[in-house]
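What follows is a pair of complexes built around chain A, which joins chain B in one and chain C in the other.
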Partner chain A sequence: MSASTIKCELCFRFCQIPPGGRGNCRVRYNLNGELVSLVYGKPCSAHIDPIEKKPLFHFLPGSRAFSIATAGCNGHCLFCQNWEISQREPEETDNMDMPPAAVVENAQKSGCRSIAYTYTDPSIFYEYTYDTSVIARKKGIKNVLVTAGFLNERPLRELARYADAANLDLKGNEEFYRKIVLAELKPVLDYLRIAREEGIFLELTNLIVPTLNDKKEDIEWLVKTILDSAGPDVPLHFSRFFPMYKLANLYPTPAETLFDAAHIAEDLGVHYVYVGNLPSGEFENTRCPRCKDTVITRRGYTMPDVKLVDGKCPKCGEKIPGVWR
Partner chain B sequence: MGQVKMRYPRLHNLLTALAIGAVFGVTAWSLYSREPGLLTVQGKPMQEETLPSPVERQLKIDAGSTADGTDTAGNAGQKGRTEKMIDAGQLSRHPARFFNKERP
Partner chain C sequence: MKLTRREFGCGMLMGLCAMLLMRFFGRMGMRKFSQQAHARARYWSRADYLAG
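Right, the complex of A and B next:
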């Protein structure tokens, strides 16, 4: 490593970046021997989304999240649904000028109760996420990370002080991560453990891709891994794949595959199982794990009907995990 | 056109069908090729991109993607451009955290 080469320690890739080069994420750049972020305050996407779209079903239901992303990513999923920004350099996207204070101001003006750092991955625009989160916390706006979980322990523990919730992708087993995500599984499991230790409210998402991670054994492995590392109370979302990016040759996930996965997860003991990216009836609703009564009714992204009383089932009093107000 | 209709009714039908098809096709393509979820905040388009063709996109992505952590090959075409964009304020040069400059 020459004197001006920099080793980035933000994620598991530990990129060694020569002058004029950048990390695997495409946005951390060695500018004359100094590591800089090319996307700080320069989001390429900013939308007002229902929180259910993240998806977060146990976090301020019915609220809106001011959602931002910059170009780049440190994952390279062959099925990426946002590849047109995640697999691009920031020179290739149309970026806005929105410093952290402006993000918080926009969130407030638009009546959003949270800011979601999403679409690509907040890990790669870490400094922007961190500074925005600090201001948002002061203004009473919550911070939500929608992430693949490729962030090292030290930066994650620092960010966790200001992160209120996260939706973490658990995409598949080691082989799936190696071949389809072009990354590793271990950092994701580490993220899950650390986020729980730090008290970030967590929900998990698994995108079921036909022929690649849709077998019964795949789902059973996933569910057992979740139960071992997070217990039965972490909400789990099975999400429908649509042909995209480098997997445009595959077909959309059949509905029965998603429902079969949801039944497997329930049978193995996960308390809150949801099916997303298609109308899924009962699997959109939250049921009390004790008395099986429906405590939150959802229909797409319309305003959910929340029957909880102080976060508890109105029928049997069971506490439902979540951030309810 | 009236003469065409009277003298060549089948040609007239064909031309009419082509015209309708062209209008429908252009409309459908313009809707299809829009970026999803465009929103406007403070009157400014949130995300408008002039996308290159799929082939160009694929080439760019393949050139820029490396598995070993460095990305110098993919950046070869960017030399100088990045700095210009930083100077123009289109990209930031905000100090990043979590790195090591020491020799191993």
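Right, the complex of A and C next:
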């Protein structure tokens, strides 16, 4: 390797990038011995989404999130639901010109209370996320990370100063990460720990993929890992898989599998369990863990009916964790 | 004005060619644009110890 090879220290992959080369994420480029981001201010997606779509159920319910993503990703999940942008180079996507200040301005104009860095992993457009977050914080707009959790400790702690909430994907056990996600589990558990230490409000998502992480033991392992590392109060979303990318041969996750997983999580002690990507009735609602009364009623992405009073159950006064205003 | 089948076919073909050309040159432009980049990335170090 030549003297101007670069070691990227942003994520667990620690890519060694020769001059003219790119990292595993396809968007960090060694330009004459300097590492540059090819996607700074160039999102390939920008949408106004309900915050429930992230999914974040305990964070400003009923509000809208200005959601952005750039091409590329440092994960390569065989089941990726956004592979058209995540497994592409920035030259292969149609990108907009939207510097950080313009993102914040667009969010304000469209009445969004938060900016979500989502669709692909925000760790790969770190500088863009960071600079946008700083401006958004100044303007009173909250920052939301929807992430697979591959960011290293130092950049994460730095970003955490401006991040208000995160939805972290916990995809499966170590073997699942190695064979299906083509990554590692440890950085994700580290992310979970650090995000909690830094006071980022967290919710977790698990995409249940038929035949690969849908067994009872898989769900039990996942739930116990969550309870050990985050406790019972972190909301947990089980999400339905649809055939995509390299797992187009599989079938969509049956509804029973998702409901069974939700029941297992509840039985093991998780207080807030949700089922997403399909109409799930009771598992869309938030119930008070003490008196079991429904405190937030949801139907898809329509405006939820929030009965909380100062973040507490109106019936028994139990505090429900979340950012409610 | 009424178009003959041949005129209509030619028009469609030219339109298609124009679209393909624009896409091709657009990609080339974008690649060049990307390579010229942009924001200096954070969190990296020179791996000089790997020299040689």
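The definition used in the following text is that the second predicted complex is superposed on the first by the 324 of 325 C-alpha atoms of A that agree within 3 Å, B and C clash if a C-alpha of one lies under 4 Å from a C-alpha of the other, contacts with A are read in each partner's own complex, and residues count from 1 in each chain.
We adopt the following convention: a contact is a pair of C-beta atoms (placed from the backbone, for glycine too) under 8 Å apart; a residue touches a chain by one contact, two chains touch by 3 or more.
The structure displayed is predicted, hence computed values, not measured ones.
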| item | value |
| --- | --- |
| Partner chain(s) touched by A:Cys44 [first = chain B, second = chain C, both, neither] | first |
| Which of chain B and chain C A:Tyr272 touches, first, second, both or neither | neither |
| Contacts of A:Glu34 with chain B and chain C, given as first, second, both or neither | both |
| First (chain B), second (chain C), both or neither touched by A:Tyr126 | both |
| Which of chain B and chain C A:Asn106 touches, first, second, both or neither | first |
| First, second, both or neither for A:Glu84, with chain B first and chain C second | first |
| Partner chain(s) touched by A:Glu9 [first = chain B, second = chain C, both, neither] | both |
| First (chain B), second (chain C), both or neither touched by A:Tyr177 | neither |
| Touching both chain B and chain C, residues of chain A | 1, 3-4, 6-10, 16, 28-29, 31, 33-38, 40-41, 90-92, 95, 126-128, 152, 154-155 |
| Complex interface listing, chain A residues touching chain B | 1, 3-4, 6-10, 13-18, 20-24, 26, 28-29, 31, 33-42, 44-48, 76, 83-84, 87-97, 106, 110, 126-128, 152, 154-155, 182 |
| Sites on chain B touched by chain A in the complex | 35, 37, 39, 41-42, 44, 46-49, 51, 57, 60-61, 64-67, 69-72, 74-75, 78-79, 81-83, 85-86, 89-101, 103-104 |
| Chain C to chain A touching residues, read off their complex | 27, 30-31, 34-35, 37-48, 50-51 |
| Chain A residues within the chain C interface of the complex | 1-10, 16, 28-29, 31, 33-38, 40-41, 90-92, 95, 126-128, 130, 152, 154-155 |
